[in-house]
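Look at the two complexes coming up: chain A is in both, with chain B in one and chain C in the other.
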Partner chain A sequence: MSSTLEKPQIIAHIQKSLNYTVFDSRWIPCSAKFVCMGNFARGTGVIQIYEIQQGELQLVKEIEKAKPIKCGTFGATSLQQRHLATGDFDGSLNVWNLEMPECPVYSVKAHKEIINSIDGVGGLGIGDGAPEIVTGSRDGTVKVWDSRQKDTPVVNMEPMEGETKRDCWTVAFGHAFNDQDRCVCAGYDNGDIKLFDLRNMSLRWETNIRNGVCSVEFDRKDINMNKLVATSLEGKFHVFDMRTQHPTNGFASVSEKAHKSTVWQVRHLPQNRDVFMTAGGAGNLHLWKYEYPAQRTKKDADNVDMGVAGSVNLLQNVTLSTQPISSLDWSPDKQGLCVCSSFDQSVRVLIVTKLNTV
Partner chain B sequence: MSAAEAASALVSPGSSCRSVPVEHLDYSFIQSCSDLKHLEHILRALRSGQEGFYPHLTEFCEKHIEKLNPKSRVLRKENRPATVASFSAEEWRNISEDLQLWESHMRLNEAQLKRRPIFSDVKDVPPVRSSHASIQTSLSAVEKTGRTPCVPRSYRDWDRFDVETECANIDQSDRNTRHASVSPAVPEITETINSSALTAQEKDALARREKDKGNEAFKSGDYEEAVAYYSRSVSLASSAAALNNRAQALIRLQRWSSALNDCDAVLQLEPGNIKALLRRAAAHKHLGHQQESHDDLRAVLLIEPHNATALKLLMDETESNRCEETHGTSRKILIQEVDEEEEDEEFALLKDDGNALVRSGCYQEAVDKYTECLQLKPHECAVYTNRALCYIRLHRFTEARQDCDSALQLQPTNKKALYRRALANKGLKDYAACRSDLQQVLCLDVSVTEAEQLLMEVTHLMMESRCSSGPRRSITITELSVQEEDDDEDEDEGSGAVGSQRCSAVVSSVSLRSSNAFEFGQALNGAVSCGDLLTCAELLRSVASERLPRLVGTQLDGRTLGFIIRALNTHLLHTHPELVLKHLQQLHTTHRLTMVLMLLDGEDRARLSQIFQKLHGVQTEAFSQNDVTNLANKYL
Partner chain C sequence: MPLIVRDHTWTQNQNTVYISVPLKGVKTANVHVICTDEYLKVSFPPFLFEIFLFGPINEEKSEARIGNGVAVFTLQKRTDELWEQLFTNIDKDKQKHIREQAILKVQEKEAEKSKAKATRIQQEKKYALETMMKLENEERDRIQKMKDEECAKATAQLDFWRETQRKTAEENENQQKLQRTGTNNNQLVYQKTERANATPAVTLLHNTGNTTSGQISRKQKPKDLPAPRSAGCIKISFTPRVFPTALRESRVPEEEEWLKKQAEARRAVDTDLAELSDLKEEERNPDWLKEKGDKLFMAGNYLAAVNAYNLAIKLNRKIPALFSNRAACHLKLRNLHKAIEDSSQALELLTPAVAANAPARLKAHVRRGTAFCELELYVEGLQDYQAALDIDPHNVALQADTDKIREIIQGTT
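What follows is the complex of A and B.
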């Protein structure tokens, strides 16, 4: 038992049963609160704000909206304003001020179909450059929005005329290390992963991992892109080393089979970019650590640089419920604290110990 | 093997064709098997329960796989989340207290954040992305194996084939194919951040974040990037930690002067920062400033005497220094005398220096080194003994003896200290002390040959010195048996000796304290046989009168008595007349004296009457003439 206690332990600190289906949960930055977004059985959307008080969750506010809400992010607001950007089942993007949630700060009908995924960059002191929001939808398009520009997206990544649309299931920002550079990575249901470069307005890289891509995430948004994790439908996830791009082979990657079911989410620890957690369809969470190889680049036959992927170690795994864990979010203020929501209509606050010795 | 598989496939149609034969589900087989894949199959078969439920065998198989490959996927188990019960009370208290502290802290922060006026939030935000750009993506899946089926055109399509348009299409598709733009090697990270519109709190938070980014880059080996992020952090809010880390990254990039500047800055902020001192020492070393490097390392050791890195670097430095001052002579001294005990490392360092110097013959410098050692640790016995050795070689025996004394105070049974003190005493010609020390050594350890040899030497010297000093009459000991040494002790206390040339025979000497008639008799006989009047006289002189009858006792015969009388006559009469009288009085009480008197020859009788006559003439208070007359009558 002593040897297992030296590994990080995942403690189920607080669990709360909700009366609605919860799709996403996010920490409010610089506070001990988080928001849960979902839909009531009656078909309306809900945003609930909870605060941790003495080991209990207190409901601070409940906001009901017309359409069910699928996803949300705080990524594009300033630390003081902390506006929540949400995408709903109807394809609308709204930015809310949680103090005055009656009227959105910014609203646009972003897509024709449900917004599956949303991400923000440029706010909260993360990433230089303009604060932007990216949305990916079932209509196959990925659009980047700036709250200063009404009605039209800043960038629109869409399939060519006549091509079949593939659902975009996930989007992520990355490579935002200075004012101009920025990349958007999108994962589709047929296994495509595409990397768009917003500086050059071009498609930088694409690959196919054969199974639908449930979630992509860069390890840090605001550095020269280092690693990208993409999770898939059939229990696998891939870690790409994004430092060295080979002209034909693309990025080096290592893949790992886990969960024995869909891997729904991947989230990197904000305090350590080499530690990440994956959430599975069997209600389990796996905590991983990436180890870099001795040499991150090597020369191939034609003396062109190509990347070398490292290895992934399983640190800990727990089974929380029988239903898939749909969302996971690490607290940016406290290392090891995270909130996860699952389809058994409950939200859990977890504490992961011993992460500083990992 | 395949037949067995086929057979098992027939028997249990549900199982896969790669099923494990039943014979393999066995302890000995699993133990001997080292093929990981097969073991995993075995484990799956066991777990599936198709052949039955064998928990111990399953566990055994798992353990075996774990030994071979701890990271094997089959070993992953489903765990329950940890709860209060899985921690000790202490740990759980820590965790919950930590969380509560954090909660309250966050509430405060949030309140503070809300109080700030909103308009301060306006900062120069970069403009909206100018072009309303749309990136057209071709959703053709990139097949790694490249098996995109290319449907051939039907014949009718060929009729409609237009070369021009087709070429244009090809050109189009070329333009639309993805161009893999390889990023430039070094990203253009701005080294400074415009922080005019941020509060101190925000600046601190940002600075910390940049520092974290720098740390991560450092960990994965991107030192240039790390330096850039640390510079950003420092531009926001200069902190010792960020500067320190940047120094380390610069050292890895071998930019020594910049690293030096950073270390100086850190030490200005925090003068006692050990990491900064160590890094500065490294930078100095590579720039060639040996002295400053040395100073820095010594400063580290002052703060933290056990610092391993500093000691290692220091040793490397002194190694290189030592190589420079090579000595021509290479006299080999008894090396086993130099202690190599490991105690404190820095202290050990100085001691090693000293030892090396001893080996190479520079005793004075070695003394200095040992003195330094003692300043560090004044209770170190070995250093004292080593320094004593140096002093001995330098012929400074007093100091050597002092050091040995100190050493013996710390460790009373230290053989080396005793031995060296013996050497020192020999140098100071204090042979008695020397011998006692040597004897102590031999008591502790009989096998020390040097001690024995030295002892013999010293005893010899001692004899000679005693010969040269006249009034002290001591008996020379020429008997070479080991038992001598025990006797020697006794002899020191005052046996007289005469450089008797005549006496070549074995002469045993008698101690005053020996109340043994035998010994007295031996001595007397010896004296008589040699004709050694002096010895006899000495004996008589040293013996108490009362004891004389007993001592002489049965030995008394004519010759002996005659001899005694002669001795008394010649030697003692002048000096100790009372003694003579007493002796004679006592002698008279001896058994058989009358008998023996008859055996005296004429010469002796004459001498006896001479004695009495002289005694008559002597005027003392001890006896009167009457006594003398009485005694004379008795004898004659």
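What follows is the complex of A and C.
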């Protein structure tokens, strides 16, 4: 009994029922507040800011916008400004100053269809280089934006002429360890994962994991790319070791089947890059730890380096709701604090204990 | 017939009767006693001892001690009186009646005893179950308490952290204010000292001291950001599959069926026709014949092509391409009905409709449509052209033809 209580526990600290469908929730950096984004039943978008006070959530601000909002990130703003970049159902990318939300700081009609996923890099005092935002949309394109350049993206990854387009479901930045290098990883609904190198403006690696990719994330954005987790439909996720790329086999990976349903999100713990949490379609959360193998590289038959994938251990799991948990965000300031939102129109603040002994 | 024992002895006092019956060598295990309030029977085969008691006794309080070759009965009398004799003389019927009653009573008693035992066992089981449940509940409560303690601890930590955040935020604000006033002072003093022209260095140092303390947690200079990236475009292509659909969209069952049909068609060569005996080996191969037919078609020799296809079809009726190509030949020869038949046959063989056989179906539809139009059956022709357009919406020539047919129909009606 004692060994089970020494494992990290996932405790649902606060739960709040909302009156709208919430798609994404993010912590505001350096504060005990978070943002929820979604859409009202009347078809308009909403951003709500909550603060945790004495075990309860207080609504600090509610902002209503014309179009439903699908995703948002604070990744590309400075710590002082803390502007929220959102993608909405109409394909528009907006960057809002939450103190004065009437008019966006930067706005562009990024895509022709809904923006499914957004990520930011270069802000929050993490990493070097220009702050950039990447958006992935149902129209099959992935675009990188810089808020100093109006109307046109700085990079555009689009299908070739005549190619049938597949929806892009998720995007993530990584490999931003100096101000020149950046990588964008995009996951598509036919199972394609593509890694783009923005320094060389080329496709660096691609693979297909057969089931639609719901979420990709690098374990850290601001280091030489170390690990990438990609989750997909039918309950599978793959962890790729990104340190060694083999010319034909690509990156080594280990895959795990969990959740018995779509794995909607993966998020790495900001304080420990080998611990990550996956959110499933049955309303459950699994906490995993990645163990590195004894040797991370080995030589293949032609004496070329290839990577060796490690193993993944389940630390804890908990079922919070009956509906899928669509978004998950760890607090960068307090280890173990996270907010998650699910399709039962509720947002939950969770505390995961004992992560320092993991 | 059991042997009746009569050499028993008995004594009595006011409230008890003592009867002693010799067991005559029979083992104690074989002794069986039936005793009621007015009757006592001891049977130890082959002996039997029974008496009808003079007065009523209290059977529950009486006891029997069997051992050492003798059975001693201590019977408690119901009424305290001395009996003149041990037994009463009663007639045979009454005896029988009493015997029967005795047996009944004994049976009842046994039944009661077993019932009592059963209820006792059940109660004990229930008790055991309840104690188990209680133990488990306690265990569960203990675990829950530990969990709650963890939760409370974490909540306390969270509140503490939030307080510290708030405090640091306030401190930052205060320092900001201080910094602002500090810079103001700095300017004023600088001007003053310039005018006064007295020890500017010392006062300046003093003020800069203030401002630096206000700057501990704030970066004064904004970071120099690199310029926005020069625009780039990366073209991508998506993973091709045998059937280019994602797993979740795949029409795998139909596609499997189509592949199986193809495989069967390859194998279904019907070789036991008499006319084939005088054919060369290569002429028996439907593929070779198809190729021959194609070459003849391209050369313009349509009759020969038809012959080649006929032979190939005789060998293998399942290849749709043969029918489709023969339809094309008939079209050129203006055997329009035959063309229609053949393209219909081809289309039948091209079910189920999957992406793999789309071009073949397209050709078949176009050929049949053309044949219909030549026969002036424009409506059927339009249907076929429409079906072809469904398969390939971007074909400009096809669109033009469809529009033409539509105009002709509208023109004649």
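We take it that the second predicted complex is superposed on the first by the 358 of 358 C-alpha atoms of A that agree within 3 Å, B and C clash if a C-alpha of one lies under 4 Å from a C-alpha of the other, contacts with A are read in each partner's own complex, and residues count from 1 in each chain.
Assume a contact is a pair of C-beta atoms (placed from the backbone, for glycine too) under 8 Å apart; a residue touches a chain by one contact, two chains touch by 3 or more.
Not measured: the values here are computed from a predicted model.
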Chain B and chain C placed together on chain A: clash or fit? clash
One more residue to check, A:320. First (chain B), second (chain C), both or neither? first
When the two structures are overlaid on chain A, which partner does A:212 contact: first (chain B), second (chain C), both, or neither? second
Contacts for A:101 in the overlay, against chain B (first) and chain C (second): which applies, first, second, both or neither?
neither
Notebook entry, point to check: For A:194, is the partner it touches chain B (first), chain C (second), both, or none of the two (neither)?
Noted result: both
### Task
Considering only touches as defined above, state whether A:333 meets chain B (first), chain C (second), both or neither.
both
Answer with first, second, both or neither: which of chain B and chain C does A:307 touch in the superposed model? neither
Touching partner for A:178 - first (chain B), second (chain C), both, neither
first
### Message
Looking at A:54 after the superposition, I want to know if it touches chain B, chain C, both of them or none. Which is it: first, second, both, neither?
### Response
both
First, second, both or neither for A:10, with chain B first and chain C second
first
Between chain B and chain C, the one with more contact residues on chain A is chain B
Among 57-65, 129-137, 219-227 or 237-245, chain B clashes with chain C only at 129-137
Chain A residues contacting chain B in one complex and chain C in the other 5, 9, 11, 13, 30-32, 52-55, 129-132, 144, 146, 148-149, 152-160, 163-166, 179, 188, 190-192, 194, 196, 198, 201-203, 206, 208, 333-334, 337, 351, 353
Counting only contacts in the complex, chain C reaches chain A at residues 143, 146-147, 150-151, 154-155, 158-159, 161-162, 165, 169, 225-239, 244-248
So, in the complex, the side of chain A touching chain C is made of residues 1, 5, 9, 11, 13, 30-32, 52-55, 122, 129-132, 144, 146, 148-149, 152-160, 163-166, 179, 188-192, 194, 196, 198, 201-203, 206, 208, 210-212, 233, 333-334, 336-337, 351, 353
Listed in rising order, chain A residues that touch chain B in their complex are 5, 9-13, 30-32, 52-55, 78-81, 125-126, 128-132, 144, 146, 148-149, 152-160, 163-166, 177-179, 181, 188, 190-192, 194, 196-198, 200-208, 220, 222-224, 226, 245, 247-248, 250, 257-258, 271-274, 284, 292, 296, 313-314, 316-320, 333-334, 337, 350-351, 353
Interface with chain A, chain B side, in the complex: residues 71, 73, 76-83, 86-87, 95-96, 99-100, 102-103, 106-107, 109-110, 113-114, 116, 118, 121, 125-129, 131-139, 141-144, 176, 178-183, 187-190, 193, 202, 205-206, 209, 212-213, 216-217, 219-221, 225, 229
